[in-house]
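Letters A, B and C mark the chains as written, and numbering starts fresh at 1 in each.
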């Protein structure tokens, strides 16, 4: 059974000029023990999805579609029931953790709070659990009584990871977990996450704009552009054989280890991602697409399953798979 | 506790400010364009003889050099007005009051202190409790009826001179309805004692305290509200929510705890405004506190008394700021390390 | 590491920088107004403001100033509002409406002038401290903190009492005691402007510090200065009314605060002459409210973080 099932997810933000679409019809599954990488430029809607899965978006945001997490229909739940599902079914590791920990509460107590809220443990037992969680992520247990500002960036991220694991959630959403860290620390945190994922058999949604990170940790990858998944498939295949022009441009700028020519000729991507308030007609990528055709301005291509377990939304893929029925990635 | 360095730094800064206040106060009352003796005797129908005037100048120490050092001729003066002023001030000697003949400034001051403490203290407590509560509730459910109502109320009373509010309340509740006395600290010559006296004092205090509270409540609300909104936009609040914590624990256990910190220092800075408000409010209600005393000192040109009162007000604000800084260090773990 | 492109700067079209700047300013002025127009609070404040400004400017056309002279008026004393005297009369038989119309001139004038003084001092010190940093910053901010500690109303009272009572002195007293908040705000804004890359670039091109401060820092902190100055006008009007009420205003000029002082001193409270007390007060509240509302609306436009909330 899938740990997470997302169908036709649409999310609009409320702004002064009316609702602005951030996520426009996204569907994906995450199986038990699987790591799905969600990639895309900033503003493509990937972090919105991460927050939307637990209904953590700011007031005024509209979410439509279906989210089933650990068998719970998230969008249909009452706020009370939702509280019980948060952190036990799905937890989030926030970006950099620089500001993700409450500055005036000892980190141990912040972990204990999660344990106590979900009636997993309290009192002395919760304290010792928090300590052993810190130990699990490579921090001395006595640091439970320190405040967030007493930790370095990487250490804060470790605390965040320990906290995310506290209630043994079915799914861990890692939202740019290494972004604000320096390169050495990034590697350490990434290694820790990979190790924990392997040892504990965690299911993960790994959100990042850094493709090299995804190649390391994810089983499958979904690439987002302007609120949509434009290509999805097994990580190795997507990186070595990208089929959507957008993914191709990205993969072109992504050096394959050992391939000198890749390093020398990165294929750049001109322009900026579109303004969600004024999306281009047809395929939203066509203004930046090197292979754009006249019809790209008019038709927004549906997802095409051009090979087993591979999906992309591009008209170029249609002829060779004209007979394949539309499927969701 | 590692915050000792912070505490010491704050105390040193407060001392530096105190020096500034003393110097400022000293020079402020020496830039008067007119002859101090004339000012001192003006409007009292007193005609002083030449000898009496000279005696007064000597009594007031005005014959001495102003500063410990003079340039023309270059000389040092051990006995000068500045040193005398600082010495007198530090020993609590502000000299005799001109307005209240035969009483010292300190004596006059102490008599008026209690009513003001009652008024300003009471109003401060009331507006802190009500203002912070409304700010927390309003910020939490932004745009709710309570929030927009409090916002309108705050803007309205922020824009209202407190002496005008005082007069309108007096016209309505005293002149027309007769529910409250028209002013004063207590009923004169009533000779009440015990509970009856307390009720009488409260009865007189009611309108002034309402004026002051209502007039400054809005600022507390606005400060708390905006501070809470800042905190609610922080990432750690999303983390807390993601953990499945109940909403009222998110508010009281995390958001308020963080939002109170910047509020404390802002509120301390606003204390000077409440003191200022007390001046006109006491005037309108002829409430015999330090504010009314300030007006009396002003009307009778008793600059010595005025100087003492201004010094007191400055030091009171300074101390409230220092208290806020120390409270801050107590509540915010981040301060302790620095 | 391959990292996806973060937004780059828009393509530069070959036009003279001045034309670009002019164009941009025109667009932003246009956009500004279209946003401001949507703010109910801002428009209401502006409407009240216009009414009062017209009232002040047109005062001589609306009512003759002879109505202020106690020796030349013939109305009944302390008459409640009637057709002949819409806002009643004071104890000398003067129409309260006349007092209000003429008083609006002084209240507005002092408010605007004092706020200007406060703005100039606060902005200069704020930009200087924020841009120069180091010792200058430390010294100026110390001074600012000291001024913040001095109780404002008490300070104004003492200064006005010592220096005397004329319009100029009142303006200076209010202006020179209220700059500290502006200075603080402008400084923190300047600090963030200074960190922006273009300042570094201009510096590299060899611009002098004073030129950078005037040509580059000032335009960028101007929104904050404007919003704060409008709020200062509100505060200055309140301050003027307080000083006048205490009897420290210019005795020769009619202002709302002075009308309230006369009402209070002659026992309007015990006489129950609510119109005499009420009318000037309502005007002060409305005018101050108008400035405050405009300032709040502006701040919401200039500070997008507030707008999103």
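In this text, a residue touches a chain if its C-beta (ideal position, glycine included) is under 8 Å from a C-beta of that chain, and two chains touch if they have at least 3 such contacts.
The shown structure was predicted, so the numbers you read here are calculated from the model rather than taken from an experiment.
Trainee: Among the chains, which one keeps its Cα centre farthest from the Cα centre of subunit C?
Mentor: A
Trainee: Given the contact rule stated at the top, which pair of chains has the most C-beta pairs in contact?
Mentor: After counting contacts between each pair of chains, the winner is B-C.
Trainee: Please tell me the distance, in whole Å, between the geometric centres of subunit B and subunit C computed from their C-alpha atoms.
Mentor: That pair's centroid distance is 24 Å.
Trainee: Per the centroid of Cα atoms for each chain, what is the distance between subunit A and subunit B, given in Å?
Mentor: Centres of subunit A and subunit B (C-alpha means) sit 54 Å apart.
Trainee: How big is the gap, in whole Å, between where the Cα atoms of subunit A centre and where those of subunit C centre?
Mentor: 49
Trainee: Across the complex, what residues on subunit A touch subunit B?
Mentor: Contacts found on subunit A: 51, 54, 56, 79, 82-88, 91-92, 94-95, 99-105, 113-114, 117-118, 147, 149-150, 160, 163.
Trainee: Can you check the complex and tell me which residues of subunit C touch subunit B?
Mentor: 142, 145-146, 148-155, 157-159, 161-164, 234, 238, 241-242, 245-248, 257, 260, 263-264, 268-272, 274, 277-278, 280-281, 284-286, 288-289, 292-293, 296, 305, 309
Trainee: Inside the complex, what are the residues of subunit B that reach subunit A?
Mentor: Residue positions touching the partner: 234-236, 238-247, 249, 253-254, 257-258, 261, 331-334, 337.
Trainee: So in the complex, the part of subunit B that touches subunit C is made up of which residues?
Mentor: Going by the criterion above, the answer is residues 16-17, 20-21, 24, 28-29, 31-33, 142, 155-156, 158-161, 163-164, 167-168, 170-172, 174-176, 182, 229, 233, 269, 272-273, 275-277, 279-280, 283-284, 294-295, 298-299, 301, 303, 306, 309-310, 313-314, 316-318, 321.
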